[in-house]
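Quick one: the structure is below, and I'll ask about it shortly.
Note that the chains are named A, B, C and D in the order they appear, and that numbering of residues resets to 1 at the start of each chain.
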Amino acid sequence: MTDVVTTGLLLDGLIALLLAGLAFRLLRTRDLFEAIMLFVAYGLTLALAWIRVGAPDIALAEAALGAGVTGALFLNAWHRLAVRAGSDDRLPMEADP
Amino acid sequence: MMGPSSSHGPGVSSPSPSGDAPTGPDASSPSPLLRDHGERDGPPLLRWLLGLFLVPVGILLALGLKGAAGSRDPRIPDLIAKHLPETGVSNPVTGVLLNFRGYDTLLEIAVLVAAMVAVWSLDRGQRHFGLPASASASGGAGGGRPFLSAILRLAVPTAFLTAVYLTWMGSSEPAGAFQAGALLAGAGVLLSVAGVLRPLTAAALPVRIVAAGGVAGFVVTGIAVLPFTGAFLAYPEGWAYPLILGLEAALAVAVAVILVELFVDVPSIPAHDAALDAVDPYGDPLGRALAPDPSPADPEAP
Amino acid sequence: MTAFLVGVAFFLVANLAGGLVRVIRGPTQADRVIAAQLFGTTGVAILLVLSVAADSRPLMDTALIFALLAVVMTVVFVKRGWVRAPGTPTAPEDA
Amino acid sequence: MTLELVVDGLTVLFLLTGCFFFLAGTVGLLRFPDVYCRLHALTKADSLGLGFVVAGVALQLRSWHEVLLLGILWFLVLSAAATICYLVASEALAQGVDPVGSGASQGQSGTEEAP
């Protein structure tokens, strides 16, 4: 029985470490695309964490909304930015000095 | 298989020796958002001071969190367990969200509707229905189309079924309308990104009706039960389960439609339209979207 | 048995941590996206193992959602993630 | 009793095999030289590993519904892996990511342009 508790604690600790590492890198990186991919990975890991604290509904919502739909939305916005950057247009934020 | 590569020719495959690879591409990137080098960072001293300032803030937050964790009213779980049979559902979370605290969920869906309206106000009314001509230029769909449609045929019905299942099970198991709606929205995003389905713009009346249906269902139900129970959103005895199930279904569909509407601009992305940029972005975009499309059948964007 | 199952989950999460390195190092966007895909596939396995360990049916539903959303993410990437901008790194560099 | 023991043993065996393939997939993802090779690691090793995990988990279930659900799940992941592999690889090729061995690994990339 204590075996289960110990292993569970190890698992929780590893998930927490992974989350912290993902979050740190997510905030530090200067590559927007990498940040988006890290955000998706973070959402999936966070869903695992919600499972571990016994909140499967939030895990479901996090996986579907946080990782799936938001990730797709970010990729979409990234694509728009990149297309504009690739063309000769100036970015909206550079329009006014 | 060789289609995409031959159509773009060898010129696209810009060879870059591995030596300059880490720095070379960055230098030519014109967008500061996509990849920046820290030019916009503040002075180093300021950043250090900020970091130092954040340490006590973090400690304070941790202490506050520790205090808050212990101050939960210990009677709440028992109260919920005691009154759960009255809610008509056996999942305590659904019971709280749709019965005890129904107005909470009502405000949640209202916030989502407000977000959707905000996105609509950014939509510049460019409506080229059907697959944009330039979609394949950015997505390279030509080679992948049979594969893409195969996975769509598999994933979209499965997602739909799972969403129905999640809504249905929400009364007894940890699941519910928001999760089902998000999953349904995932299927919708898949369809719209693949170019099969174009998210309808603000002009489409059915979209408005369905998106407002979540809020409207709540408000109408809440008022309709007033003569029987005397309180807003207090369901009459025996009616709780069917009412909750109906509200959940309306919510799931509304959430899905609203989330897909956030992608309303998707198909027009590759066809960046200079003419639309010239239009005053602050001048009543919804009104323009409602006006008849000047060239609805024109698949080519300038 | 439960301890073993949780141990398997631990091992799989450690695997995820390894995959994280590929998300960070890239070098191409496709590398990053397939590494994020690894989080999806391995996440499904972790959820299944945990669902037996905790004897909890909803975890299995979550696993199904993970699998479905992995598809959404990658299709969105393939259709939206590539841009022929001059700044896009194209050549694989030795990792 | 003995049947239960056998089933449990099989589960352990399947799960360990699954773990091995997941490990192989991660090692491949980290060590393989380019996107195309890494796609193999992800889609083949991980799908197989997931198959073993599904088999191991299915032995512990008590209802056929859940076993069926697991089967659907694995089928979905398999087809998704196949599709994703194709889409990503063909896109990478179209974008000009040179496969290792096509010239890029021999010191210079883009052999077509080399005189």
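In the analysis below, a residue touches a chain if its C-beta (ideal position, glycine included) is under 8 Å from a C-beta of that chain, and two chains touch if they have at least 3 such contacts.
Everything quoted here is computed from the prediction, not taken from an experiment.
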(message) Can you check which chain pair, B-D or C-D, has more C-beta pairs in contact?
(response) C-D
(message) How many angstrom lie between the centres of chain B and chain D, each centre taken as the mean Cα position?
(response) 29
(message) With centres defined as the mean C-alpha position, give me the chain A-chain C separation in Å.
(response) 11
(request) Report the inter-chain centroid distance for chain B and chain C in whole angstrom, where each centroid is the mean of the CA atoms. (result) 21
(request) Specify, in ascending order, the residues of chain D that touch 2 or more different other chains. (result) 72, 76, 80, 83, 87, 91, 95-98, 104, 109
(message) Two or more other chains touching the same residue: where does that happen in chain B?
(response) 12-17, 29-31, 34-35, 138-140, 144, 148, 151, 155, 158, 166, 174-175, 179, 183, 186, 189, 193, 269
(request) Two or more other chains in contact with one residue: find those residues in chain A. (result) 31, 33, 56-57, 60, 64, 68, 72, 76, 78-79, 82-83, 85-86
(request) Could you run through all the chain pairs that touch each other? (result) A-B, A-C, B-C, B-D, C-D
(request) Spell out the residues on chain A that touch chain B in their complex, using ranges where they run on. (result) 30-33, 55-57, 60-61, 64-65, 68-69, 72-73, 76, 78-87, 89, 91, 93
(message) Which residues of chain C touch chain A once you look at their complex with the stated criterion?
(response) 2-3, 6-7, 9-10, 13-14, 16-17, 20, 23-24, 26, 29, 32-33, 35-36, 39-40, 43, 46-47, 50, 56, 58-59, 61-62, 65-66, 69, 72-73, 76-77, 80-81, 83-88
(message) Considering only the defined contacts, which chain B positions touch chain D in the complex?
(response) 1, 4-5, 7-8, 10, 12-17, 139-140, 143-144, 147-148, 150-151, 154-155, 158
(message) Residue numbers of chain C touching chain B in their complex, please.
(response) 27, 57-58, 61, 64-65, 68-69, 71-72, 75-76, 78-80, 82-91, 93-94
(request) Could you please specify the touching residues of chain D with respect to chain B in the complex? (result) 72, 76, 79-80, 82-83, 86-87, 90-91, 93-98, 104, 108-110, 112-113
